[in-house]
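One chain, chain A, appears in both complexes that follow, with chain B as partner in the first and chain C in the second.
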Partner chain A sequence: MFISKNNILFKVPVIFMIIFFVLPLSLTVVWSVFERTMFWMEPGFTLFSYENFFFSARLENFVVSMLHSSVSVFCSFLIGFPIAIFIRRRVKKIAQHRVMLLFILPFMVSEIIRIFALRPILSRNGVLNDLLINFGFIDSPISAFVFTPTGVVIGEIVSFLPFMIFSTFLALEAIPNYIFEVCSDLGVNRRKMFADIYLPLAAPGLFAGSVFIFVNGIGIALIPTILGGPGSVNAGLIATQAIIALDFPLAMAVSAIMMCTLMGLLYIGHRLFNLTKLLEPIS
Partner chain B sequence: MSLRDDFQPKWKLFLKWGWLSFAVFILMAPVFYTMYISFNELGFGAKYYVFTFQWYENVFSDKQLINALGWTMLLALITLPIVIPFGLLSAKLYKQSTKKVWIVFVLLSPLFVPADILGSALLVFFKNLNKFFTFISEYTGIYMFETWFDLGIMTAVIGLIVYTLPYVFVVVMITMARYRPEQTEAARDLGASAWRAFWEVEFPQIRAGVFSACAFVVILTFNEYTRTSLLKGGFDTFTSVLISQMLNTGMSEESYAMASIVSLVAIVIVSVILIVTAVRTEQLEKLTRVVKEPN
Partner chain C sequence: MFETTRRNFLKNSALVAASASLSQSFIADAFAADPLKIWTIGVAKVTKTWEEMGKQAGVPLVYSAKSGSADQAIQKFFVGDGQKLYDAITDNGGGQEDAMSDNKAIVPLDVSKIKNWKNLIPAYNEGNVAANTIRNKKGEIVGVPYISNADSMAYNKTKVGGDIDTWDALFDSQFKGYAAMQNDSGPTLTTTAVYLKESGKQDIVNPSDMSKSEVKGVCEFLINMKKKGQFRTFWDGFGNGVDLLASEEVLVSSCWEPIAVIAAKKGADIHYGTMKEGHQTWNNVWMLTKGGKQRGQEDNFYKLMDLYLSPWFGARTLSGLGFTPQMTGVNEYVDANPKDFDAKKKAGIAKRLKNKAARMAVKGNSWQNLYPKEMRAYQDWWSKVQAA
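Showing the complex of A and B:
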């Protein structure tokens, strides 16, 4: 029979992903303890690259980029969660998905273009400063928008905000309508509604969105390269620079640390909120 | 809709819609601004605005760029026929499976892994595989697979598949959610083979989703930079030309024009998909309404 549970054909994609996704990422842990040679690495056991990471400025950079990421997560939550709630509650059922798709549009334009174009917008003689001066909010242009941590945070929010909206909307979509009706019949006020209904029930989506933004904020090298200015480094940049310097064990150590962070966070989230709930509306 | 809504003032609703549109506008602002500058003869930061197509002409006469476009298209064309069946197969597997958590984990976690991390891990993986295969070929004297994992199209395509499969999986799952599996059962009861039941009953109903998945794969291939640039080996792709121009010579007017072209193509494709699906769902709804309540 063509469709049977044991048919190997159906498992091909999963096998492919195990070979070319799970395996390379798990092997980063092994490669990170290899010894560095001139152009490559050789089998061995040394914690030199971890030492190199944890006892240098890299650790500080890593922690600072975590901080920036957390700020981006928080800002995305503040901007995105109300939008997701609004779409779930106030937009007609048929139109909900179409409104969601509005947020796919920016996502489908290359991240590089969006981040690069932020430079002329945020720079000293850019559009934002022009607007602020023309409207009389400020007298002289603000140069803190770009080539500073602010620039990195703005870049992260602009790149990743849609993910926060998608994942929280998915979680909110799974909530049956009668819950809202009961609440409004019983006269629940706004704050209670937010704290006792939206927040706990959207928790899986919030968590998934936050992890995504947090990890990508640490891991995507382009944003600090383009918007961060001097001294702005995150884990992704450390890894790519280590590869350029042919220090493969160090790059692998950074990757391993990132993977452990990501998997740890996902595991905690799954234990707390059961992240597979997110896929229920579409399965 | 709850009762409370009817008593809410209109202006609050407008305010919320305003906030939503503002967010979309902010997300799109960089793109629009790129397009705006690309038509200015004097470029960014000029005092006056002179409309011109000159930069676009320059882009299309740029040999390196046309070459890169060709390579990118080739990558997309190789990736598509692999990743779309993969998406369909994995969605089917997910529906039948009892261990859904693991399938979701393997298929969706590439979304969470940052591009640079995945790219560097794959790069080292391929280099090691390469060394391993070279060793084997020297040992056994069979040189068939010696160059399989040399950095090149093969490795770039593998990177792209790992990157795009989660998106295809999600899009296919969303469209399959609307399909009622009883129809397959009916077809099977009437003696159709499983393949025929899929191809002639299920596939026509999920076709729209599969096409949009194809469009997404092409768009994502054109947008992708980090993984491809690490894994591609010798040739240039569209984004790598763009990035090298941007980083080496600063934003030239041509780069604005190039960026606008890609964004415009992506926006047009996505909009067409949106409009078509909107029209289709409306038609379907009318149809079901007629069936449910015949006058």
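Showing the complex of A and C:
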């Protein structure tokens, strides 16, 4: 009886994952090779949608959006990792989680509002340009803050930075205090601490945060729509536009390509850095 | 409480009647006490609430929000549960009514049951320019138009130093970095094609249904402009379009008229011009779904259409949002109702109507076509514009 209950407890999440994860992803791949009809698609086998993706400007758009996302990941690391270290090392233990909660606050506001609210700050007549002009740093407004790739990267950092902070903080939290104390007693300098302690031990968190930011960067259409330049797109927007044009197999192919790309990147990451080891708990 | 009881009673009565092999029409009549379930865009409402719209029409309404994108209706009705959910829907005329009718998502209408049908503007009469936007391929009327427009260019008169009457301005280097177009291949390519054709810069037979080589030419022109830095951005969504003009981030923009109206209300000196080359013209139509007819909602639908073809609606959509009324008698209605339309509003309505008439009369206008024959070329070339 007990064993049977355990089996059910184990099977429920497996069934859930099959129905809501494996099945939709499999269908995405199957539909991507269907024939397009005027308003939907019909069973068949054609690689036309893939050809349409790889031999058109869509591939270029996709690669560019991956590049922007990579820059966002790097910038989020530069900003988020020191914040996580600061909270872990400088903020009192009792207050650490409260400080972390502050980073959740922006998520209480709808994402579209959060992104849109950047426009009056970054625009030509916006707050940032006004400040820079008033303090005498520039003579005329900088138009590159928004409606450019820079705008997209800023939007991605603002939207996803908390994920880098959360995940790296959680990884750092797992490091026992005595490690820092021993380093301090031995007179290890900050650079060495960063390279030999923080970076390798926080690697699982950094990795998780980076994957999350990268995936969202190429998938969420809102940011290039609101902050990008003329025709700025990412993979999510390419798929959305294919659906608007009633090209469902193409939309499915774009999603399948996204999925394969991410799996490919994970595989390369695994081969290079042994991700299994990275994700192992600290002992 | 009474309503629920009455509804249940009617439903139960209908079931009993059905089991007793009474006629189908009795069932339909019995269910007609249910509210009309409508799926439409927010701008179809000219009162504060949908309840008020329903009261004005004498039909209880249950409203569901719909985007302006044509793919939504296709998905909902061709592969989704649209027939079960909605009795009446709105969408673009100019292709969508054919698609919906061909796939039996909507039914032909008996316009003799719409009292205000006689008010409909002559553009929809058989043989006229907009006739096929409300008819299916068999020539049956399947749509009731309620708003239309000729999309033009909004400009900041103070900043650009005067009025604009040509699309040349949108591509003029003096507005480099201050121009915007819509982030949608359909309207943007059609508008650009109208400009290129009418200004003699490219040979195009029909800007609404271009050949592959014509699409290529139009997109190469846009790519060249984009590379020169002409466009600040391509706007997407109503709020986005308004913000760009209101914040003076862009000074010239091809856009929907309500965007210009709202941006002007926010304080910027925004005007909506008449372009001598022409415009993309479009309309939005109400359609009765097959499911709605089966549920006996035909009479409710026709009552609602009476409202949408009344000057009461026309005056309000024109005054509040800037859409073109689809019926005659708007000026007379405004004159007869000074309480609702003071002198300032009245002057605004008269001016807007005059401008609209001027835009609609431009020879180079081209009607919106949701499904051009070379749709794939439109998509592929649009992705090149985006990547440039």
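Following the convention adopted for this analysis, the second predicted complex is superposed on the first by the 241 of 283 C-alpha atoms of A that agree within 3 Å, B and C clash if a C-alpha of one lies under 4 Å from a C-alpha of the other, contacts with A are read in each partner's own complex, and residues count from 1 in each chain.
Methods note: a contact is a pair of C-beta atoms (placed from the backbone, for glycine too) under 8 Å apart; a residue touches a chain by one contact, two chains touch by 3 or more.
Source: prediction; values computed, not measured.
Q: Given the touch rule stated above, what does A:Ser143 touch, chain B (first), chain C (second), both, or neither?
A: In the superposition, A:Ser143 contacts chain C only.
Q: So, does A:Arg119 touch the first partner chain B, the second partner chain C, both, or neither?
A: both
Q: Looking at A:Ile18, would you say it contacts chain B, chain C, both, or neither? Reply first, second, both or neither.
A: Once the two structures are laid over each other on A, A:Ile18 reaches chain B alone.
Q: Figure out whether A:Ile244 sits in contact with chain B (first) or chain C (second), or with both, or with neither.
A: A:Ile244 sits against chain C, while chain B stays out of touch.
Q: A:Phe39 in the overlay: touching chain B, chain C, both, or neither? Say first, second, both or neither.
A: A:Phe39 contacts chain C only, not chain B.
Q: Where does A:Pro106 make contact in the superposed view: on chain B (first), on chain C (second), on both, or on neither?
A: Only chain B is touched by A:Pro106; chain C is not.
Q: Could you look at A:Val64 and tell me whether it touches chain B, chain C, both or neither (first, second, both, neither)?
A: second
Q: Give the label of whichever partner, chain B or chain C, reaches more residues of chain A.
A: B
Q: What is the shared patch of chain A, the residues that chain B and chain C both contact?
A: Residues 40, 116, 119-120, 125, 243, which sit in both footprints.
Q: Quick check on the complex: what are the chain A residues that touch chain C?
A: Touching chain C: residues 38-40, 52, 56-58, 60-61, 64, 116, 119-120, 123-125, 143, 147, 225-226, 228-233, 238, 241-247 of chain A.
Q: Inside the complex, what are the residues of chain B that reach chain A?
A: 2-5, 13, 16, 19-20, 23-24, 26-31, 33-34, 37, 44-45, 86-87, 89-90, 92-96, 100-101, 103-104, 106-107, 109-125, 127-128, 158, 161-162, 165, 170, 173-174, 177, 193-195, 198, 216, 219, 222-223, 225-226, 230, 239, 242-243, 246, 251, 255, 259, 262-263, 266-267, 269-271, 274, 278, 281, 285
Q: Which stretch or stretches of chain A touch chain B in the complex?
A: Where chain A meets chain B, its residues are 1-3, 5, 9-14, 16-18, 20-25, 27-28, 31, 40, 79-80, 82-83, 86-87, 89-90, 94, 98-99, 101-106, 108-121, 125, 127, 158, 161-162, 180-181, 183-185, 211-212, 215-216, 218-222, 235-237, 239-240, 243, 248, 251-252, 254-255, 258-259, 262, 266, 270, 275-276, 279, 281-283.
Q: Inside the complex, what are the residues of chain C that reach chain A?
A: 69-71, 74, 78-79, 99, 103, 177, 180-181, 183-185, 226, 231-234, 236-237, 239-240, 243, 247-249, 371, 375-376, 378-380, 382-388
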